[in-house]
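Before any comments, here is the structure.
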Amino acid sequence: MNKSRFENGLELLTSIDGEAGHKVLESLQDICPDLAKYTIEYPFGDIYARSGLDLKSREIATVAALTVLGNCVSQLKVHLNAALNVGCCEEEIKEVILQMSIYAGFPAALNGMFAFKEVLVDRAV
Amino acid sequence: MNKSRFENGLELLTSIDGEAGHKVLESLQDICPDLAKYTIEYPFGDIYARSGLDLKSREIATVAALTVLGNCVSQLKVHLNAALNVGCCEEEIKEVILQMSIYAGFPAALNGMFAFKEVLVDRAV
Amino acid sequence: MNKSRFENGLELLTSIDGEAGHKVLESLQDICPDLAKYTIEYPFGDIYARSGLDLKSREIATVAALTVLGNCVSQLKVHLNAALNVGCCEEEIKEVILQMSIYAGFPAALNGMFAFKEVLVDRAV
Amino acid sequence: MNKSRFENGLELLTSIDGEAGHKVLESLQDICPDLAKYTIEYPFGDIYARSGLDLKSREIATVAALTVLGNCVSQLKVHLNAALNVGCCEEEIKEVILQMSIYAGFPAALNGMFAFKEVLVDRAV
Amino acid sequence: MNKSRFENGLELLTSIDGEAGHKVLESLQDICPDLAKYTIEYPFGDIYARSGLDLKSREIATVAALTVLGNCVSQLKVHLNAALNVGCCEEEIKEVILQMSIYAGFPAALNGMFAFKEVLVDRAV
Amino acid sequence: MNKSRFENGLELLTSIDGEAGHKVLESLQDICPDLAKYTIEYPFGDIYARSGLDLKSREIATVAALTVLGNCVSQLKVHLNAALNVGCCEEEIKEVILQMSIYAGFPAALNGMFAFKEVLVDRAV
């Protein structure tokens, strides 16, 4: 039997984000479990599970997007961890954040870099 | 003698964007040539010229950023062309745009995809 | 047998948006049919199909969102039509757009109102 | 004698937002009382006081707008409370926030939902 | 007798924006005359009419804001004209737009500069 | 010998922002010193150092931009201090923030004003 979009998505999320992704989902259980379900199904079950772009490139695109958006630091941190988990080295991630100064300005790049600093400190513990 | 930031940037822009980049610069000459100069020096002379991230990954990050921003279609088109020029295949670029539906919503992804459709039509001519 | 998310979504889209929605989907067929599929499945098959909020309120929320975003006029027009189709009167829609001047500023409200003016002209033809 | 825009606005704000709105106004008194005055007069005295759209629909539009904007959590919380105060049920508000994942992406919807979780906890105390 | 907010605002708008502002108001008459009224009353009757900041500085702030927002080109053009009308020289306006590359990125600055180029061409005719 | 862009920029940053700017740079040294270098060179060495617009007008434009962006409070605070340091009076800065309610909505203006309140409290200590 085929796995469901949810099962595929959860498996992929677990392999990429580990605990961080699960914590987000758990924190939704008492307020809106359906949002947790959709957050697994569409982003991970449908999109990240697609072939056509390797996971490392997907996380580079996501780090760029969330640095530019600038108002979702906790999601950015999840994906900075994810980027490291799927094989981006620290230097590559810094380059992506740095490059966003061109498109979204220096404050966005600075805030992205400070988020990455916190991620690296947390991982060192 | 070392090349200047401007010379390095212009060389890199030419190799990545070809005519499209030059047209943008020319259209600035009568209104603000210094903005053209800075647009070469910082983004291309300083950032794209850095090692630490390959050009293909840089263009993936930029396509993600400009799709998310959503209000700079002409710059997005320049970088959709650039992404193809530095070795991204069509499928990879479509995946990046598609993925942005997760972070910036479906309208941003739809508009990014329509911009790419126009780029592919222009290149086919 | 249960209908698929796609079938449910397409049926709902057709009843709400009529031709406008279908045109968007058709224009994606040659560039990225999967984006058309996802645009039916998640927004319409999953979300608009949910109980818990009537369609009129859903379109009020969407008109507010797209007026605020300000960079997706064609999607705004689709949903201004949709809002009229599901029972919002013209006055209610104008009030929603007008109210957005508070949260996203006067330029966003003005551009939303001009989009609605075009929608009303098109429908009068 | 007719009431002023300020008096009408303050009365409406009080009936909708109760204490939360007043706290915002008080916190402006020592820095810029005119901004407090304008925040009553235009949004509440001019716009929310208009006929043509019921208060419940107005709050649905506002919750949508502030969820999409994503950088004004404290104002979102004021209006999540207001939405409950004017007759939206919890489920309807969750649906509005959930629906914003379509237009502004999942991070915006997640942050909106976490804000609502905090509002519900505060009200339960 | 005191002039109304509307009368004061209209007088100020006329002196700053001349025809451009009036055209915006006229184009609202058949769709939402109240939005035209509010667009005079609050921005011009209440805010621009205040002492405490000279009109030249107000237009510098507005050109900065609209360049950063990036999705309201027609309003930006009105205020680029207004900035020239209240005494900013071309060079000062170019500097403001150029400076926005720092805070909102190069695409925003480029699009702002191209809008200014169109304004200057229109004024030369 | 001519001073470098970095030396010029650092000198200018020091004269405008004093300690606040330096703290930002120091906090980047262990994560990405090149971002600190670029943040001096381009914004301060290239742009703020230009003639054509006085520093007071530059800071007015920046306060407007960062209030509108709404997701970079710490950078806004640095420039609220800078605006005071280069000769803006408190009233002028409040007017700029207040005026942003027109273009980016009341939440952006409120959050900008609360940031200024904190800056004034910090300077009074």
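Here the chain labels run A, B, C, D, E and F in written order, and each chain numbers its own residues starting at 1.
Here, contacts are C-beta pairs under 8 Å (C-beta built on N, C-alpha and C of every residue); 3 or more make two chains touch, one makes a residue touch a chain.
Per UniProt, the chains are A, B, C, D, E, F = Carboxymuconolactone decarboxylase family protein.
Owing to the predicted nature of the structure, the values given are computational and were not obtained by experimental measurement.
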Identified repeat of the B-D interface (over half of residue pairs identical), from C-F, A-C or C-E: C-F
Of all other chains, the one whose Cα centre sits farthest from chain D: B
Identity of the chain that, by mean CA position, is farthest from chain C: F
Chain centre separation in whole Å, for chain E relative to chain B (CA means): 30
Averaged-CA centre spacing for the pair chain D and chain C, given as whole angstrom: 23
Chain A-chain E separation of Cα centroids, rounded to whole Å: 40
Per-residue overlap in chain E, given as positions that touch at least 2 other chains: 38, 42-43, 66, 69-71, 94, 98, 101-108
Topology of the chain contact graph, where touching chains are joined (line, ring, star, complete, other): complete
In the complex, chain A residues that touch chain D: 24, 27-28, 30-32, 34-35, 38-39, 42-43, 66, 69-72, 74-75
Contact footprint of chain D on chain C as seen in their complex: 42-43, 47-48, 50, 52-53, 57-58, 60-69, 91-92, 94-96, 98-104
Complex contact set, residues of chain F against chain B: 38, 42, 46
Touching residues on chain E, where the partner in the complex is chain A: 101-108
Footprint of chain A on chain D - complex, ascending: 70-71, 94, 97-98, 101, 105-111, 113-114, 116-117, 120
